[in-house]
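Next come two complexes built around chain A: one with chain B, the other with chain C.
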Partner chain A sequence: MSEEPLVKMRDVWLEGRSDETWNPIINGVDLTLQKGEVLGLIGESGAGKSTLGLAAMGYTRDGVRISKGTVEFDGIDLLTASAAVKRELLGKRIAYVAQSAAASFNPAHKLMDQHVEGPVQHGVMGRGESEEDGMELYRKLRLPNPEQIGFRYPHQVSGGQLQRCMTAMAMSCRPDLIIFDEPTTALDVTTQIEVLASIRDIVEQFNTAAIYITHDLAVVAQMADTIKVLLKGDEVETADTRTMLSAPTQEYTKSLWAVRSFERPLKPAVHTGSVPVVSVQNVDAAYGTVPVLHDVSFDMHEGRTVAVVGESGSGKSTTARCITGLLPPSAGQIMVDGEVMPPDYRKRSKDQLRQVQMIYQMADTALNPRMSIGQIIARPVEFYLGLKGAEKRKKVDALLEQIELEPSQYYHRLPSELSGGQKQRIGIARALAAEPKFIICDEVTSALDQLVAEGILRLLARLQDELSLTYMFITHDLATVRAIADEVVVMKDGRVVEQGPKVEMFKPPHHAYTDLLLSSVPEMDPDWLTNLLTERGVDNIGDAAVDKM
Partner chain B sequence: MGNVLTIILQRLALGLLTLLIVSIVIFIAVNLLPGDFAQSILGQGATPEAVASIREDLGLDQPMVTRYFQWLGGVLTGDLGTSFAQANFASFSGTTSGATTIAEQIAPRFGNTMFLAMITAAIAVPFSIILGILAALYRNTIFDRATNIFTLSSISSPEFFLAYILILFLAVLNPIFPSLSNIFDGMPFSERLEKSMLPALTLTLVVTAHMMRMTRAAIINLLASPYIEMARLKGLSPMRVIVKHALPNALAPIINVIALNLAYLITGVVVVEVVFVYPGIGQLFVDSVKIRDIPVVQACCLIFATAFILLNLTADIMSILSNPRLRHPK
Partner chain C sequence: MIWFVAVLLGIAVLAWLFRWKGQQIDWSEYNAKFRDMPFSVAYGYILGLSILLWLYWAYIQGRSLHPETANKFFFLRIAIEGFIIFAIAAWVFRLFGRSVGTAGTKKLFRSMPLTASFGILTILIYAFLAIFAAFIAPYGQEQIVPGVAANIIPGGDPALGGNPDFPLGTDQIGRDILSRLIYGAQNTVGIAFATTVLAFLLGGTLGFLAATLGGWLDQLLSRAVDVLMAIPSLIFALLLMTIASVWAPQLGIPLTFFMVVIIAVIDSTRVYRLARAVGQNIVVMDYIEAAKLRGEGLGYLVFKEILPNATAPLLAEFGLRFCFVFLTIAALSFLGVGIQPPLADWGTMVRDLGGFVNFAQFAPMAATAPLLAAGAIALLTVAVNFVVDWMLQKSSGLKE
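Now for the complex of A and B:
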């Protein structure tokens, strides 16, 4: 690899504008990429990964600027190149795969029209030839029905398939470099595998260089030859994948690696005959005329965490809506402490409502942006406990202390002045304010970085021990399940396919679907994906495996 | 497509219902106009007997509800009624033959108004959309600002002022177009077109600003979307990004503004018609209000309302059709 590198970024400084001032995003990072090499760029949100990835294309979003440094692509200085020169490179020699394919495909045009646009506009191929090539790429990416799928509109194709169509589109001109910006973050684990395998295959096949941006270490371990770790715009360290995984030198990298070690001790088995805190009994539910849940039953006992896992659309959140009474079930019943709940929350008494509280996935949208933290927490305190004045303030302060935020510092702040993890803590405090027995945690850590998420999990565990709370933990992340669950309920297509204590769930033999879910969770071993694919047989990944059941 | 058809049928039914409600509002509002036809035609010295007799002839002595249903029944069977002004009163001549119906009276006027509206639309709609696209493409440049200033000043000026300026420059100083638009039946198309040019240009100036600014805003609004970023990162030219990737997704709001402006061209052009002596429906309307010729006023209002509802309905349906999710369900 003595030849000239494909991408050479030297001492690159990036700034973003907010409130009329320029704030640093990337502080003097160097990046070198050889032809055919895959570089993994990892870091938490706000580390500047995407901004750096886009800068490697000579592109900055509105309100971002490159204040210093050089970016060279194959000897061409991208920062001084004219717009026309850059347009000639973009799409043709440098391509981009975005995080959300659903948002990044134009809803108004068919997939194939968007696919051929690059080659035709850049004069690489004619339309007919490019369409043929597109179908060939779809076939290589193992998309179902490769001859037809291109003639659909984006909304007619599933998320995982769209993500592969976008990879095909990036490949359409056979670029030398592709920037993958979190291409699998929005996908379910079983879908993620297919996309990862497809991307890796095609990148190897055409010897394309790639920058793979992600916050998921296990994913990057499968994809990258080299890993670069970023923290708040600074480079922490860079090393080849195996060295980085086995012997990280920096404290920060080690802490990232260690996150997955958190695991709660086992609890003794539930006494037979004890009344469950919440019991879901033979529940059917439908949205309009579309049935969503079929005969869902499971119990949740005091002081326990029941993890409900499954892919998107499997009915996890719908079950939660039935328990809270937001969606009255069409059959079956919900019991709390042995008492049958009215199906509609409007018919429940204040005390019945108080028992069941919720914490949401998006703390951003679940907190009223115009109310201060104090007001947000005080509202349920007043509503459920009837406290007023100084007593109310005392209770709010106590709650803030419970979630490890200094009351005097946070009471008057607005949600916008808090970080993601802090906002989620406020969500927890708001749920605690009602003094409930039972809390539904709906994907509460999936929008958070791993370190922050771990903090939230530890907090929830501590609160459970102190207040003997019962949690229903909705998640699609099996690492989270492993960390905190006592019991696991696996859902698929609105049915419970398997349930039982965690130890048993993680021990074979599993139900076939549980097995697929478990084996699809990426592991830190760089050979994991290769081994898994060999094990499953290449044609048997993802969709095919699900269909077989 | 079944989905889209249901939506369209729903909108149609809703449109009809709106029209029915509007007919009630029109009837009540027109009847609340102070003074009445009999009084105004007979003048100050009329005897109460004469007034009562005319009122009786015209049916004005009937209760309002009865009159409404008589009118509605007539409208539904295609009979808009007879103009008071054209009627020959039984008490004076003993016959009602020879009276022109309102339909006959309005038809040529309405045709003229539609002609003017269509010419204006043919000029104004492409002009504003192209201007809007260019303004979005060259946003925040001198061109963008100049376009904004030009369209905003023309919409902010009174119509008669714009009309006189155009007459000054295009008819008086440079005699290109005639300043009087007295068109009549049987006039050849080319001459009609030439005579209607100045009012059409005036109206174009009035309606351009809305459409152009909505086009610009709707496009710019989309420029931050991920698929626009993707289009840029595919190395497409800025013009292609806007026309091919932004515009198709910006159509719904643009179509709605176009419909509103077209409706204005049919219903709101009184001043321009007066300035250019253009024999459109607006003039007829104003004249009829002056002499309290209630059936004509009602008929005009109903036509205006129908035009408004139909155009908005068309806009709704086109917006729906511009959404690929509805055109091609999963």
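Now for the complex of A and C:
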């Protein structure tokens, strides 16, 4: 048994149905997983990593089929196994942790009721025993108040806690295999650390095999023993984590690794006394009666990129809403080019509106799905610059060329016919069409794959050099900050905690919170998480916890 | 009762045998299917098969020469024959659409389900009848042919009391039912269409405005709509129609005009609710924010940004609402305050001939008289819903 691998997938081909035909998703991938081994599956979105992960359970989503190959789990052929045999395996010996815990828990039942369902259903334990075991697991996963937390409803705990509850639920039957499908993608960096550490400990402790699906290389470096890289349904390479990180053999893998090395050259310091393009002065703001921003002040100078960083809920986007005028500040003012802006956008003149443009995080919701690319970009051209007919078309074509898309090919397409990165480029073109001085970029790269995100960052940097634009770059990703920012503003709980040029910000000494943020960004070093936890003085749970198995 | 239980048990035994036998025989590709088949699914197969067999048996009975047996299954026979004829007609129509027309329409027909092609065919036929009623109908809608008896039975077979000149018989005062059915398409469908369009213009515009502007306007409109919706719609319509029937002659405006406005206003409350809910989901999108920050006016926001994204749910609602309006008009006419005689209207026709339904068991032909108009209403309702379902499916598929 020890020599037999736990999961053996041989020459697996998967197909998905769209437009009445079957299109390939995975083309003949092999996958072997030993007992207790953690395999990292990485690739861009659309590479088929989730589909492959699910296929390891012998399961496919609707409209997907396994057209060829074998999937064996502990010697059992999952593709030909009867429904009864599969029922016995799934949940009990194979478990799955989904990307969004918030969407996967039933909001109408308490966490513990959902936790005990698996063990009771499979006859592993009785209800009482299972509840006690659940508390034990919650303790091992370092959830606060482990005796009580199970009796809350999913909406009463935070996102990171919910993700750990789901891991506990997956562990409830002590499975031999857990499939983690991007379990930390939706979390803040500081929360991500806790979840990662908990998952790693518990997987090690129970000697569970795991398939860890993610697009974040630094995360997978912490978790996996082996890494498999997928590209458009084909396997690129598989290797031991350390080998893979230090000496990737394939071009594609190297390019993935290289993304993080993009960094702009430093710009000379701003002349003292020059008028900032946008100046936020002592701004307070509130949603209804709930205060969100407290005395926020910072300046943004021409041709510079100011990165505003902080966790979700720190007031980054609210500051942007104040600058655009969507949320009139309750105190303080916004100045553009030394001129005080009316607080409400409805009171601003067309020209004042034109100067401040925005690029959104979700390109999907930022572009009207019923308008063609040409219409979307032409509207601000017509609206602000008053161009019509051939002149308008010429301007739109020029803009499309500026964002590196072939005008004749894209002019008549709908947003749904574009990839995520291309949509984001259209968002940039729409902002540029107004010929603004200042652009707010609200998490523009966080929904994109790393390679695509890098392309967008390079494009933004080039446009800045050409048009001397000023960017306010809202992000929670410090790698992005390192790549593009000139100045950094750190926010927490609606206050500016620290601000200054990037060079100074990445050099100690920091404000305690900046330090926490900086140290929480996963690095490519596989020992990073272990070192960090030792440094922070968190004991590796293993010692304290009682192994009941 | 005991028979019922026995039949269910018998099916259960058959289902078990069916699954067991399926597992025994080696069919390679079906093996896994039979092995993993839950008992309920096997039961479903056998139940479905039994119902099909019973329908076949009943149809044979309905065709029997013995009039008493034939009468018993008369309506089932008509239903089955109708179903088959409509299915064939829809299939032929789709085939026709696939081979004739532009490349665009051909492509449309190629992906069309049979239900949708049936719906489109039916709606086209209704529209044709409504537009050319005056040329198609053999008699006028209020014309009483001299010397012709009232209540001639449909079927046109003199042996059974019919008259070949009046294939669908005559009504209680001797008017041709076929002609009145054709004119009814013009009156009932035309008025229902106008009413629905009006309801959508009113409810849709106000709903989008409320969603976009929010604030006190939204509160005011929504509460007003709540008040209107709190009153049972049919009773409210009846009340207003009674008032209108006094005003109409004084003002010299036809009562039908009042009816259109009253039903449109009452139905626009439902449209308002939907438009507002859909609009609110769209208004929070980033592209609306982008348009607002660009300084776009209200008209652009509503008609260029929101409306194109709301067409799918509104279209579906249009289909449903059309049917409801249609039924409301028929109901009001049935109650005597809707479309006024001597204008032909399907609702009125059902009311006037309704008594004949009592003869269904003994003389099915006589009982069909009121069912003709009722069937016309039912057929159109089904057809419209088929088309709307298809449109919805198409537009939601487009989004992916």
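Annotations for the structure displayed:
Rule of thumb we're sticking to: the second predicted complex is superposed on the first by the 536 of 549 C-alpha atoms of A that agree within 3 Å, B and C clash if a C-alpha of one lies under 4 Å from a C-alpha of the other, contacts with A are read in each partner's own complex, and residues count from 1 in each chain.
What we mean here is this: contacts are C-beta pairs under 8 Å (C-beta built on N, C-alpha and C of every residue); 3 or more make two chains touch, one makes a residue touch a chain.
The structure presented is a predicted model; accordingly, all values stated were derived computationally and were not measured.
Touch criterion met: A:S100 reaches chain B, while chain C stays clear of it. In the superposition on chain A, A:T80 makes contact with chain C only, not with chain B. In the superposition on chain A, A:L367 makes contact with chain C only, while chain B stays out of contact range. In the superposition on chain A, contact of A:M341 is made with neither chain B nor chain C.
Residue contacts after overlaying the shared chain place A:H109 against chain B, while chain C stays out of touching range.
In the superposition on the C-alpha atoms of chain A, no part of chain A is touched by chain B in one complex and by chain C in the other. Across the interface of their complex, chain C is touched by residues 80, 82-84, 324-326, 345, 348, 350, 353, 356-358, 360, 362, 365-371, 379-380, 383-384, 416, 430, 434 of chain A. Interface residues of chain C facing chain A in the complex, by the touch rule stated above, are 32, 35-36, 285-287, 289-290, 292-296, 305, 308-309, 398-400. The touching residues of chain B, when paired with chain A in their complex, are 224-227, 229-237, 240, 244-245, 248-249, 324-325, 328, 330. Those residues of chain A whose C-beta lies close enough to touch chain B in the complex are 57, 59, 61-62, 86-92, 95-96, 98, 100, 103-109, 117-118, 121-122, 152-153, 155-156.
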